[in-house]
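Reviewing the structure listed below.
In order of appearance the chains are A, B, C and D, and numbering begins at 1 in each one.
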Amino acid sequence: GGGNTSGGASTETTKAEAKTEAAAEAKADQASGDIKSIEGKTVAFIPKLTGNSFFEAANNGAQKYAKEWGITVDYMGSANATVTDQLEVIQQAIDAGVDAIAISSVDATALDEKLKEAQDAGIVVCTWDSDVSPDARSMMVSQGTADVLGPMLVDMGVEALKNRGVDPEGEVKYAWHYSQAAVADQNSWYVAGEKYIKEKYPKWVAVHDPYYSEQDSQKSVTIGEAVLDDNPDIDLIICNDSTALPGQCQAAQNKGLTMKDVTITGFCTPSGMTAYLDAGILERWGLWDCGVQGALGCYFAAYLAAGNTIKAGDTIDVPGIGAVKTVPNSELVPGTETAPENNGVVLLPERVVFTKENVKDYNF
Amino acid sequence: MKYLNELKKARWLSSFLFLIALFLVTGMVNPDFLTYSNIVTSFNGSVVFTLLAIGIAFVIMTGEIDVSIGAVMGLTATIAGQIAKRNGSILEMLVFAVLIGMLVGAMNGIGVSFFHVPSLIFTLGINGALRGLIYVVSGGKTTENFAGAFTKIGNQVLFAEVTIYLAIIVVIIAVIHLLLTKTKKGKYFIAVGDNPNGATLVGISVMKTKMLAYIICGIFAGVAGVVFASKYGQVNIVAGTGYEMSAIAACVLGGISLSGGLGNILGAAFGAVIMSSVSRMLVFIHLPSNFNNTLTGVMLLIIVVADALVQRHAVESARRKRLLSRTAAFDAKVGGKK
Amino acid sequence: MKETTAMDHEKDQAVPGLSNSLLSVKGICKTFGSNAVLKGIDLDLRSGEVIALIGGNGAGKSTLMKIIMGIYQADSGEIYVAGEKTELVNPSVALSKGIYMVPQEPMLFPNMTVEENVLMGFSESSSELKKRLSEKVKELNWNVNLQRKASTLSIAEQQLVEILRGMMREARILILDEPTSALTFDEVQSLFKVIRNFGKKGIGIIYITHRLNEVFEITTHVSIMKDGMITVNGPVSDFTKEDLVNGLLPPNLEKKTEERQEEKAFERGNLDPVLVVDNLSGYGFSHINFSLYPGEILGIAGLVGAGRTELVSTIYGRDQVLSGTVKLSGKDITGLSTRKVLEAGINYVPEDRHYQGLFKISSISANTSSALLNGPKLGRFFLNRKKEDEIAKSYADDFRTKIVGLNDEIGSLSGGNQQKVIIARSLSTSPKVVILDEPTRGIDAAARGDVYNIIHRLKRSGVAVLLVSSDMEEIEELADRAIIMFQGRITGTFSREELTQDRLTSASFGFKGEKEVSE
Amino acid sequence: MKSIKGLLKHWEFILLLLFVLEIGIFGVANPAKFFRASSILASVTNYISVCIIALFVTFVMITGGIDIQASALIGLTSICIGVLWSDVGLNIWTAVLLAMLLSTLCGALSGYFIAYCGVQPMVVTLGGSLLYSGLALLISGLSKTPAYQGISGFPAKAANGSFTGFRFLGKGMLFGTIPVPVAIYAVLILLCFVLLHRTKYGRKVFLIGVNPEAAEYSGINSKLIVMSTYILTSIGASIAGVLLTANIDSAKYDLGSTFTLSIITAVVLGGTLSTGGKGSILGTVLASLMICIMRYGLPLCFGIKTQSLDLPIGIMLLIVVIGRELAKNKLILQLFKRRK
């Protein structure tokens, strides 16, 4: 099956283009007026797992906008990110007779058939954050391709290295630390990031294969400490997992290290990291506005469920968020087909790098 | 032979030896590992498992089991995190943790010793209920970003890289070990696990002892939650899932028999260090993290199988030796005649 | 015979509050499920008395004792300790009142040493306790390593540890529930000495036994329990053995004694031996030689730890053979697995009924048929449950086993009936040789008679029986020939004519008489 | 009266009553949505791995053991099928057979340690669950398909949308209504029932659970039988792995990894004594279905979220087991007597 690692050559420019284009066309291509109202629709909003700060933040965002839009967002999920649990949750959504499903899938293909069943039952399926096969869903609200996010992780590290006076062009010892090889997006960011490093910073030395801490806070600290102990001269640790990043920072704090001694960066919600920012353990980390992402997932799901149609390339005006441009599936995974109607990708324009200066502006 | 017998008597010793072997093997692959600091860090990192293992050791000694400790820990960790977020004191957290631990322990104790529900089932049910409760208490969210002072305590070094927690736990272990082995009542736990009817006959209340074991276990798990929160700085809603199994494994590694009546607390503590050090050692051995589970599994199996075989050999050869000496005694006495 | 003395006796002597009344039990009733075990028991124990409590298996003796000890609670009735009404809600109350019970089934802590076992539950300082313990061990005349784990003790040794516990407790009321069932002559004598001493010290003892000889040897009073009541009660001097037997037994005893006298002595003739054990050595015994003929009962006598159980269980494939051979009908079966030995035609009734014999929570049928599961008798793959029930039923009828339904748990039967089921199992495979290891341990006189009948019947049908027993009387009564083991060797062989208890006993102690052991 | 009292002694009968009661409550709460055969069957299909494995774990627990590794074997079987089929290029059925064989060997290994080395089952199977799930991850590393992505595209879906070949096992419908996994479950129930309650093997399993030593004295090779029960469970787990893979068209190393506690819950709720010697297939089946229907009905009829389902199911387990102990106590029996 296909996946999102077989990504092509799209780079930073895609991101920039998407941004400007979306903004420009939002005005030009005003909604034609005969939009059917989404009010009263029920969307099952399914995370990979509940209790994780990323998904909780997405849910908060979705709920906030849902009130404005007058739709019901039913947050349904299991505490474990496993295929079988998600299958059960989807079945529950089908049984409950929701109008639409917006899901972040734990597996690139395993949910396809269940989601098609849902579609057969008249339910609109959209994905967000983590995709399934394009023919098993209508729209996907993506935070960007691996080729955008992988390099972004590296670049945040480079910035921070520069700021503490390490030359990123020279030999930099670095490591990745995330939850598990089996977590699709995190792994694809690692793969894309590695590729980017090979091309752009050929002198860098990876001290080890990625470290995995399986979304266990204790393990993330234990491994974090071990990484620092085993490699006292390490310069950079990239933690593309929202449990690994605070764990690694805690480990550094335990060792008495600060952002002056070692650079730690990665993806996590701002709320999870301010303690370490304040303690001077890390300088910058990033994420996209997952609240908006979740809300968009729900909006598109409800929008289609209301009987509206979308053609890839359309720009949709989302109340409260603004104009959003849709693109064909091939923008996300080159070479994939896009159905003539109601199929495509929404690239989330905004990704944020959090630093001391801007972190107060975000509360998720 | 003599050493083997000693080993049989002091089964915690074998887990200690194994721990040393483990350190040495890691050190052989990566000599950097064998520094004082690295070894102390292994111990520092094991305090949560150690607390859980000590607690559950009481229950296992009485011949029961408690699979709800991971959930107790998760619950008190969540609450501790929430208290920390509003700058509450660590004392307040401990009070909550101890109360919750006692309450859950008492419920388990009542279910198991009063209603005679098999402990696996009962604590399984409690486990489910507590997991649901964690969901309610945490609002389904990771509790994180608590005040820095709290996590600082969690990793405060007392002397020579030994954290406060580690120091306290070493003292606790020493005290408990002495209480369990040197006092009359301390032996009750083992006695109840060894033969409940026999214990009843000599005036030991099986019900009270089991009750007490569960309460102690609950308290340790509760306190482990506070330690967890203060050491790791974030508590997600599945925190502690599967820790009960690691704690049980730690006890078994330390020579505490799951059928009860055998073992001591030192073993549980060393077992816990083994269980919590594996992922750290793997980093030093430079194996891909994908080998984590495989190696932990292989190691666990090797230790328990080897231990079982050694024990069996020891028991069997002691029996045979005694039986042979019986016939030998005859030969000695009447040998001249034959 | 004084059928009605129970009431008189009580009226004129056991007024609660009398200074020398240690224990007074009034109107105790106890029901298990629908089984009314005790229906109003009255019993008095005074200082210095040794009351023999006798009664058939399942009469409720142990139940009564457990109530006195606080292990069970009575449904109704009162208990006075030293004249004071007492609620014995749990054993620690009983212990604090100076009551101690040596239970019928030893209840030791298997993972603890003998010393720890005895001292568990005391609150005095340990050095003092240890000193006292070594005195008691000497008093009991028992040679044991106090550091041995209880799990390595034989049943007899476990029984001795229990008795030691009782002695250590220095109780004022001591209950001994069949203490001698696993002991041999020598140990029994030591124990009796201890009991007499206790009596002198004013300790009251309730002594439960199935051996009527002991009643006259050691006790001062007798109480007979039958159908949940104490039917006969009085000083032992008022009774003869016949009185007791009549008070105890169901009316069919006479027939049995006749049967027994009819029994013909065994004629070897020119039969070939069915089992030949040649110079067999194993763990716990060495250089054992004997032959067993069809229709013969060969007794194996000896002291505790003489290696008899090791010998027979090694033949049965439970342990390793070191040297020598075992032949069954000419076929070499040395060192085969239990399963193979069983198939070859030997079956074994183990000594430790609870640990090695019973499937306690399984049905009577399942217990009877368990040895048939390897053969084709109950079907090749599927289990023919009808056939199974038929077999179980036929044995139950045959052996007069008292059962309600074949599907009842065997744990609900009395000891004697349990033993009958286990013997039935050992016969179900139609073996050529049956090994009975202490077949009558802990079962009452009536059941014992039944078991003896079964053994005789086996003999008549040409089955060879190897009878291991510590009860010299039993060997004398049943065996056609007996071998004596001492420290793992055969030290004597006696033919039927030479079999007397004296000879057996002396041979059991090695070369007593001829060549006394020098230490 | 007497016959009812007799029936009440059977745990299975009480379970049946509870099961009916449960359906009744859900049915009353939301009759329109609850009574949809297709939805109910789909829920059972989703839960089928737990149901199937619980059948076999019943054998293990009757011998007095426990098996917490079975859920790891689901993933191992699944990933092996995937790698053997997609990367090695074997025929799908050969791949299935080999994967099942591997899983069986794993079960045999653990069983060997438990039966022949005398190690406690909980620890061995804990080690086993780590080892086998680790192996599954390593095997998935051998595949071209990255670990985070299931291997998919298994044969075959016929043109008319019905499933054939391998996929038929997971997705096919018998008579147009009964999902094939459910049908297979029914067959397995029958097989396990006969094996446990009607054969000599089953009897041996029970006897060993009651008293392994006495079983040895009866000439039963208890070690072999104990080991065989772990092999049975591993076969059950591999069947579950095959069905799940065929159902979702994805071979993944961590399929089923969260099932352990559910399996144990189903078995003990079904009345199997955790100390061994007692238990029944019927009880396990009823308990599995009861939990399954609960997971189906609670969100549907009472809007309880999946993530908090642990709470009601935990509480139900507690109530049921405490109730059972109370019933065993004289209290309730006496109530019955007084009525009479």
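Please note the rule applied: a contact is a pair of C-beta atoms (placed from the backbone, for glycine too) under 8 Å apart; a residue touches a chain by one contact, two chains touch by 3 or more.
Chain by chain, the UniProt names read as follows: B = Autoinducer 2 import system permease protein LsrC; C = Autoinducer 2 import ATP-binding protein LsrA; D = Autoinducer 2 import system permease protein LsrD.
Computed from a predicted model, the values in this text were never measured in an experiment.
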item: Chains touching both chain A and chain B; value: D
item: Contact-richer chain pair [A-D vs C-D]; value: A-D
item: Length of the line joining the C-alpha centres of chain A and chain C, rounded to whole Å; value: 76
item: Inter-chain centre distance, chain A versus chain D - centres from mean C-alpha coordinates, in Å; value: 36
item: Gap in Å, rounded to a whole number, between the CA centres of chain D and chain C; value: 45
item: Distance between chain centroids, defined by C-alpha means - chain B, chain D (Å); value: 30
item: Contacts with two or more other chains, residues of chain B listed in rising order; value: 131, 135, 140, 237, 257, 290, 292
item: Touching two or more other chains - residue numbers and ranges from chain D; value: 137, 141, 307
item: Per-residue overlap in chain C, given as positions that touch at least 2 other chains; value: none
item: Listing of all chain pairs that touch each other, if any do; value: A-B, A-D, B-C, B-D, C-D
item: Contact footprint of chain A on chain B as seen in their complex; value: 30, 32-33, 37-38, 41, 45, 48, 131, 135, 138, 140-142, 144-148, 151-152, 155, 228, 231-239, 276, 279-281, 283-284, 286, 288-290, 292
item: Chain C residues within the chain D interface of the complex; value: 316, 318, 337-339, 341-343, 348, 350, 355-362, 366, 370-371, 373-374, 378-379, 381-383, 425
item: Residues on chain A engaged by chain B in the complex (per definition of touch); value: 50-53, 56, 79-80, 181, 208-213, 215, 217-223, 225-227, 229-230, 243, 246-247, 250, 253-254, 271-275, 278-279
item: Residue numbers on chain C that touch chain B, as the complex places them; value: 69, 71, 90-92, 94-96, 101, 103, 107-112, 116, 120-123, 152, 165, 281, 283-286, 305, 307, 310, 486-489, 510-511, 515, 517-518
item: Chain D to chain A touching residues, read off their complex; value: 33, 36, 39, 42-43, 46-47, 49, 137, 140-141, 145-153, 171, 244, 247-250, 252-259, 295-296, 299-300, 305-307
